[in-house]
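In the part that follows, the structures are each spelled out as structure tokens.
Consider the two complexes below, in which chain A is the common component and chain B and chain C are the respective partners.
== the complex of A and B ==
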């Protein structure tokens, strides 16, 4: 996950060869790299358990909601660590300056939370697939668009130094909540078999 | 499906086509281009209806665990995928001829594009899970999960950018007042598309259920 995001960051940085793109393009690049970096590791969150044989134990001792919330929290933390390493490097190597670090941080956290919430459920779904390559990204992307698009919009406003429309942040938060609740309700069916 | 029903649908389809080309007057400002709308609006309506019905049968499957519901959900999504592609193509042609570009990420184009992505993801997921019962659960869950995007598409996305697309109540003629003949033909076209959907759904879900039982 980490190496993948560094590689894509390096690819973008080298391809740009020092030219600094506009705020919208910067924001788009940042979120595209973050999303695809997330898909690389997150599709395995249930597969690793299945491979280690611990999935059955978990099924015996833990209720579905607890498993989902645990996995969600784990995915969220992983993505927070990932962005903590990736975003500073992005700002250094590709460009962009942020006037309002607190807002920038909240957009990052809300966006990453949405990816974690939707991704935990879609990872559980794609774990049953036989052909898995790319499936996680295909399944997750349409569902997180309601977080992804406002995240890009707000990040672009921040890079441009404009005032941020706070409604976007509220909408992202609500949508994260909706994704989390939806995922935990539907996860019962996946877990129960 | 009874032969009488099939005959009626064929007749209605021919009648609607005839009406669209010979009865509907050219619209003010759009001329003959307005005729595209009589194809585009029913297709867009069907792509949304097929999506809702697919989710409805997914919920029914999770409740009752009846493979027939899974088959209906699957067939509805397949038909919806076809409808959404036709709606997108006809919309893009209309857009090119009236606004000058095939695609400009108008909110409605974004919405329909997201619908294509969701249909595509659902069908890809179905294709990649081999076991029938497992596939039924997994795809039903995804179908319902993807419904969570609907409030965003309806309430938030239209506010992100402004739209050139005429509001749905005005129909295809946009800024032009809807003429009663046009309204009647549009209603007939919508009914016709819905009946075609019901026909294909009945026909294919019987086959799809056979298929999944055969696999077991």
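== the complex of A and C ==
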């Protein structure tokens, strides 16, 4: 996950050759790298357990809610650490400055929370699928769009130094909440077999 | 463990894998305090029946219900009444035996003290030092013993054993017989997939699996029907 994001960052940085893209493109690049870095690692949340043979043990002994929250917390913390390492490097190598760091931090946290919630649920769904190749990214992309697009919009406004439309942040927060509740309901069904 | 009379009811169970039908409508009941042996050739559906009982698999047809004092257990709490050892149910190899032993029961809200953990390890024939060793360094037999310890620690009303003696020495198999009989005396229901005649001998009833048929051939129990 980390290597993917750093490699992508280096590739984008070299391709731009020192030129600074516009705020919208800059924001889109940041979130595309974050999203695809997440898909590289998050599809293995349950597959690693299945491969190790611990998934069935966990299914028998652990309640669905505990597993979902544990996996979601793990994914969220991983993405927070990834963002903490990636974003400063992105700002240095690609360019861009943020005038409102608190808002920038808020949109980052809400964005990665949405990616973590959607990713955990779709990782669970794809773990039991017979044909898994590419399934995780295909399933996750439409689910994550309502977080991804506002995240790009707010980040672009922050890079441009414009006033941020706070409705986007509220919408992201509400969608994250909806994802959490939806994931809980669906996960009960998936975990139940 | 919840006090109360536990009853497992399987009615009209059908399960297919591709074209192979394992059960053609299996029905049986098991009560707390009983040991039910499930025997049959490889591929006859012994392990599948145990997974259906724990609702780790869904039957193509039929029902599986667990009742405590004749009150059906709610679906969300169903699995918390089961503990199981099976060859494909592995433990976390990077964690120590002690950590595994605490982790799985703790996911059900049960806390194990150091002395309880040592006592459990002793019961299954593992030395106390094993508690601090990563499970990845264990032999197959030691892992099997640890799975049994975790099953005991889970304080479940129903034990599901899928050929637990397969990787154990003679002393290990005797330990399992002792523990299973002790569990039945404490009021637990034990479903025991085995092809060992000694293990089958201590069962109260036998379900024989094979060629789509399942029955109690010994005439000791009429609760199973095709």
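Just so it is clear, the second predicted complex is superposed on the first by the 191 of 193 C-alpha atoms of A that agree within 3 Å, B and C clash if a C-alpha of one lies under 4 Å from a C-alpha of the other, contacts with A are read in each partner's own complex, and residues count from 1 in each chain.
Just so it is clear, a residue touches a chain if its C-beta (ideal position, glycine included) is under 8 Å from a C-beta of that chain, and two chains touch if they have at least 3 such contacts.
Predicted, not measured: the structure shown is a model, and the values here were computed from it.
Colleague: According to the stated criteria, A:59 is in contact with first (chain B), second (chain C), both, or neither; which is it?
Modeller: Touch partner of A:59: chain C, not chain B.
Colleague: More residues of chain A in touch with chain C or with chain B?
Modeller: B
Colleague: Is A:129 in contact with chain B, with chain C, with both, or with neither (first, second, both, neither)?
Modeller: In the superposed model, A:129 contacts chain B only, not chain C.
Colleague: So in the superposed three-chain picture, is A:189 touching just chain B, just chain C, both, or none of them (first/second/both/neither)?
Modeller: Touch status of A:189: first partner only.
Colleague: Pick one for A:171: touches chain B only (first), chain C only (second), both, or neither.
Modeller: So A:171 only meets chain B here.
Colleague: Can you pull the chain A residues that chain B and chain C both touch?
Modeller: Residues 193 of chain A touch both chain B and chain C.
Colleague: If you look only at chain A, which of its residues touch chain B in the complex?
Modeller: Residues in contact with chain B: 118, 121-122, 125-126, 128-132, 135, 138-139, 141-143, 145-146, 149-150, 153, 171, 175, 178-179, 182-183, 186, 189-190, 193.
Colleague: Okay, in this complex, where on chain A does chain C touch?
Modeller: Residues 52-54, 56-64, 66, 188, 192-193 of chain A touch chain C in their complex.
Colleague: Give the list of chain B residues in touch with chain A in this complex.
Modeller: That would be residues 62, 114, 117-118, 120-121, 124-125, 127-131, 134-135, 137-138, 140-142, 144-146, 148-149, 151-153, 156-157, 160 of chain B.
Colleague: So in the complex, the part of chain C that touches chain A is made up of which residues?
Modeller: Residues of chain C touching chain A: 54-58, 75-76, 79-80, 82-84, 86, 88-93, 104-105, 107-108, 150, 154.
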